[in-house]
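Structures given as structure tokens follow.
Shared between the two complexes below is chain A, which has chain B as its partner in the first and chain C in the second.
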Partner chain A sequence: MTTAPAHSKNTQIPPTLRVGARGLSDKAIAWIFIAPTMVLLLAINIFPLIWAVRLSFTSYMANLPRPLSFVGIDNYVDILTDEDVWDHFQTTAHFVISTIVLQVLIGLGLALLINHKFKGHSFWTTVILLPMMLSPAVVGNFWTLLFQPQIGPFNYFISFFTGLAPSSFTMIGSVDLAPWTIVMVNTWMWTPYVMLICLAGLRSIPDYIYEAAEVDRASSWRQFWSITLPMVMPFLMLAVLFQAIQSFEMFDMVSLLTSGGPGSTTELVSITLKRSAFEKWDTGYASALAVILFVTAFGAANIYVKVLNKVKQS
Partner chain B sequence: MKKMIAGATALAASAFVAAVATPSMAEAKSLTLCWAAWDPANALVELNKDFTKETGIEMKHEFVPWTSYADHFINLLNSHSSECDLIIGDSQWIGGAAENKWYVKLNDFFDKNHISMDTFLPATVVGYAEWPKNTPNYWGLPAMADAVGWTYRKDWFAKPELRAEFKSKYNRELEPPKTWDELLEVSKFFTGKEIDGKKVYGSYIYTERGSEGITMGVTNAMYNYGFDYMDPKKPYHMEGIVNSAGAAKGLDVYKELFNCCQPKGLTNAYMSEGLDAFKSGEVAMQMNWYAFFPGLAKDPNVGGDKIGFFKNPAGPAGQFTQLGGQGLSVVSASKDIDDALLYVKWFAQPAVQQKWTDLGGASASKAVLESDAYKKSAPYAPSFVESMGMVKDFWAEPLYVPLLLDMQNRVHDYVVANKGTSKQALDALVKDWIKVFKQEGKDPS
Partner chain C sequence: MNDAHRPFSEPTPLARFIAGTIILAYAIITILPLLWIGLTAFKSQSDAVAYPPKLFFTPTLEGFVDLFTVQTHQTHDFIAKLPPPTTWYEKMARDNEMVIAGPSRVVERFTNSILIGFGSTFFATFLGTLAAYGFSRFRVPLKDDLLFFILSTRMMPPIAVAVPIYMMYRTIGLYDTRFGIILLYTAVNVSLAVWLLKGFIDEIPREYEEAALIDGYTRLQAFRKVVLPQAVTGIAATAIFCLIFSWNEYAFDLLLSNAEAQTMPPFIPFIIGEGGQNWPAVAAGTTLFLIPIVIFTITLRKHLLRGITFGAVRK
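For the complex of A and B:
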């Protein structure tokens, strides 16, 4: 009895507020909601980007108390004419292409397997998904240990099958093996992710298409080429996009595994960037390299998305 | 009533104690000393208890692992942080610290307090205190003398069957190597041998790429084959000096040692990996800083009678070794510069220098190091004193970081990753360094 009048009193909008609310247009209200996000975006994304572009035209070094000195496009010229940088781009391309090819092949294969029900299906699915749930730092550290020539189980495993002495070879210390070692570990970690995306694609294919194919006596191989692959293709291409970006910006795991070595055999451009920015403290040069990487990744991703859209439409 | 009186008395007493104690607590002074986290730092903590006893000034310590030591403290100094009042900074920092006024210049203070640089080993004064080099402008007090030396398994070298085999193969006794040629021979001799039931390697050398490791290692070979940083008559002129035929040969010898005799997998290894390899009985000889040798000499597994020490072997161009160590400096952003200077004055006293060495540090004082007592104090002491007389150091320019990383990359790429030739690596290094010096406004032509 006593609450009802109080409630009705509370719900009345004060005249001043009512006037204010009436005074705001939909657009203004939309801006009020968007503004905090926009401010954050400007502060932590757009401003640093613009600042980095500005620094890329200077010889600024963040660890020395010196004023900004503009050097024009010198940093860009230095980078684009530096053979070492091109080597690192090549190393990155090898890493990105190899990991994507392996991840797509193995991921699609695993998805085809997991798509069928069998005994222990849930258990094996969980086991397969485990690597991608780990932190790259953890993965880097424990694979470093596994690859230890003296005490690492990996060398013992290989020696069991090949007869080689475990301490006679080193996976992350060898110029020939190290580039493939980082590809192997990255594939081990991120194939489950590709598998999940492929699995989503496989589950989206209606059963009646396969039933119709069987009525037409299409072989399993023919069904895979004519139904499964074309219908999973947009999902696969999405996985390739995600994994290309992830591999292109890969830093933590490779840094922990090899630090770019031996020599600069596994030095990805992200490691070059880190070394320029936070070891050499050559901030201007590092900013220019970051801008080049940004433009490369942004451009490649845009072209890829356009191709992806065409595939979807077709 | 009695309870009330007792209570009131206690209250009055505690109020009195608080009134007396508060001003003295407010005046309690403290200094923060910054350094790397390693064995000698623990000795310094012990030593500093005496300073607190004598002056009432509490000593706080900030010790950072070697891997982040340079980055961490250079950033602090550059941001004019007062976090450290005193710093034991690396020898390479001295140029940047002096030119950017991170350290307090100590000339007037030394004159006023009769602290003479003549009482310290000359190489440590040049390395840890002077900027510009070889001029009497002091920015630090030599604090921790250090250089690269070698340890060897004395017990393995004493095995009769190995001695006989070595003699029949090389027609000389199996002894600690005196030259780099002998070092190669002895390393190759031990590599692949089965000793104490384990396959062993000849020698451990630095290969680390990220910070300073391989440079601190390879220079020990290169100096002795003719490498230098610049033409002594023409400052910053490097062409034909850095990439001389001798320097390239020294680099080749280091690579040969790496290829033949380094334990597998140690392709990015520095101080701790060397200690591990030696302590675990994996290598016959190990390159490392003398600062670790007191600990190794006492190691229960490989110390005592099992370990021997020798100075860096000679080459055709002479016998030099890489300088390590650090100087003690007062941070100009400190809020307690007077107290920090008081500490420097205290630390410079001969008795304190002696105790510093006794506790496990390494004084650079001539009186301590050149005494007979010191030379007899430990098995590594004689070779350490000799090593400190034959040191050379890396650049100490304000832009030493890019200079160092350029050398790290070029040398590591050649030695470990087998990229190009030694001449090509050093030619590229000269180009890199010329670029850095031009950036610094110096003329390397």
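For the complex of A and C:
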């Protein structure tokens, strides 16, 4: 470690200040400060990831003490030719797309309304924000109580508004409803997230733009399409990015709400992964699936960020 | 935003009223499920499974007693022969023909949640503050790449890395230890901590430190005595975000702990009484578990936006 304090090139302090700097050099401090974080991330994130890639080419099973036997790309072939896996990817896509559409529509709508600054808006905004701060697992668990067809309040709530008999449908047990049930709970939980980010976008629009539009006698509809929406768009896209990753990787809430059922109608890919890794102990196969998941998420996110940057520039 | 600056597009009172009504309705839909859980916590078992569901009932603490104790079902004659109950909760159990056999595991799980939550928050905030200062103030080679790398570790699906981490932990003896879980949560949280704190530290004017350096402080002294006090709010907000993550986390703890290191989220769903799920006890556990989060959300209101976007949106 160098103790030469003054002449390091890696410093942004103006030259006159360098004389005053004593003790460890800036370069040394920078590395001492950053290194522990990097070491931790390499050990807990990158090393396991590399290990997973290695395991994905083996037929290893973590519950059996057997040496690794390499099987080449067999696991990948198995996964990509398995129709069930494609089904689970489709279920996941349905889940991700439906929740995002709902979250964007409701979230943006709520943000526009809250921006009207009615009396008490700040208190009610905080109330609306609550669900996104809760534990998804605990949320999934307590919604199972609410959805109980006879003892839970949800069916009564619906029957009060629609007149359907409360015991005539089950949100969790029905093949038709269950995929929408997980969408609904996820929307309940994460719409506030989209709303909050949209609200920040709305508040970033300077008033003079609207004033100019008023002078030009632009209708409020026109103002929405040509001012509000384009200016909120970068914010909205950021929210969509975070939420897409979030729902694509969704495990805890759905696992406790429906555990993938009935049948496999709500089995998201992460649930398949958990099953093959920790119930079937098919570690090699699970690792290959994990790599596929990671590459999909990472690749899609990267493409998306490129598009986002283009939108920001225009 | 000040309404006075918006003379042209000022919403009419009617528009405001409609907006307020819709938001109010949505807020009620948001809060109803939470209120229902809060209510269920104070129901007796029979009220909790009443058909149709009961909105009005005599409140009882049975759910909380069930949550904190292990009880066995006994015959009426057996209970009659026992010495009279000495505490209110023993009496409550005996009225349901149950005998308290001892405390339940919920206290250990809560303790774990608190120890693991605060432990990982401390380490993540500590490491995050140092790294954020390093990135904020010094010219680090490949700075943007390193920062992106730190962010991208957060994009990994937890279930995907859980497989190799499980094997690694089993090999080095960290499986089902509090320290192992703390280490893992620290690694997950540190990415958020670096990004948030870098934003906060970037906002502290460099002139303060430069003045301190001229006065003869070393860099480290300037960091400790000038930067840290200025960053206290940011550090506190970051710490609360880390704590919330650790408090809420489920998947890693489920897969990497068994008994010793189990926290509340994997425990709550499996609070089971005789004859199926004991809903009042589950609701009581859920309520106690969620209250800290509600308080944190209210305290964090000003910084919420930053926290959930990794500092990308600062208002």
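Note that in this section the second predicted complex is superposed on the first by the 284 of 314 C-alpha atoms of A that agree within 3 Å, B and C clash if a C-alpha of one lies under 4 Å from a C-alpha of the other, contacts with A are read in each partner's own complex, and residues count from 1 in each chain.
As a convention for this text, a residue touches a chain if its C-beta (ideal position, glycine included) is under 8 Å from a C-beta of that chain, and two chains touch if they have at least 3 such contacts.
Computed from a predicted structure; not experimentally measured.
Undergrad: Based on the shared chain A superposition, would you classify chain B and chain C as clashing or fitting together?
TA: Aligned on chain A, chain C fits beside chain B.
Undergrad: Can A:W51 be said to touch chain B (first), chain C (second), both, or neither?
TA: After superposing on A, A:W51 lies in contact with chain C but is clear of chain B.
Undergrad: On the A-aligned overlay, A:Q150 touches which partner chain: chain B = first, chain C = second, or both, or neither?
TA: both
Undergrad: Looking at the overlay, what does A:N63 touch: chain B (first), chain C (second), both, or neither?
TA: In the superposition, A:N63 touches chain B alone.
Undergrad: In the overlay, answer first, second, both or neither for which of chain B and chain C A:V175 touches.
TA: first
Undergrad: For the overlaid complexes, name the partner, chain B or chain C, with more touching residues on chain A.
TA: C
Undergrad: Scan A:E279 for contacts with chain B and chain C and give back first, second, both or neither.
TA: In the superposition, A:E279 touches chain B alone.
Undergrad: In the superposed arrangement, does A:S264 touch chain B (first), chain C (second), both or neither?
TA: A:S264 sits against chain B, while chain C stays out of touch.
Undergrad: After the superposition, what is the least C-alpha distance between chain B and chain C in whole angstrom?
TA: 5
Undergrad: Give me the intersection of chain A's contacts with chain B and its contacts with chain C, in residue numbers.
TA: 150, 278
Undergrad: Residues of chain B touching chain A in their complex?
TA: These residues of chain B touch chain A: 71, 74-75, 78, 96, 100, 199, 209-210, 263-268, 282, 398-399, 401-402, 405, 409, 412-414, 416-419, 439.
Undergrad: In their complex, what parts of chain C are in touch with chain A?
TA: Chain C residues touching chain A: 1, 3, 5-9, 11, 15-17, 19-20, 22-24, 26-27, 29-34, 36-37, 40, 48-53, 127-128, 130-131, 133-135, 137-140, 146, 149-150, 152-153, 155-168, 170, 183-184, 186-187, 190-191, 194, 210, 213-216, 218-221, 223, 244, 247-251, 255, 264-266, 268-269, 279, 282-283, 286, 289-290, 293-294, 296-298, 301, 304-305, 308-309, 312-313, 315.
Undergrad: Under the stated contact criterion, what part of chain A meets chain C in this complex?
TA: Touch residues, chain A against chain C: 10-14, 17, 20-24, 26-27, 29-34, 36-38, 40-41, 43-49, 51-52, 55, 62, 110, 113-114, 116-121, 124-138, 141-143, 145-146, 150-153, 156-157, 166, 188, 192-193, 196-197, 200, 203, 207, 210-211, 214-215, 220, 223, 235, 238, 242, 245, 248-249, 251-252, 256, 270, 273-274, 277-278, 283, 286-287, 290-291, 293-294, 297-298, 301.
Undergrad: Give the list of chain A residues in touch with chain B in this complex.
TA: Within the complex, chain A touches chain B at residues 59, 61, 63-65, 84, 147-150, 167-170, 172-173, 175, 258-265, 275, 278-282.
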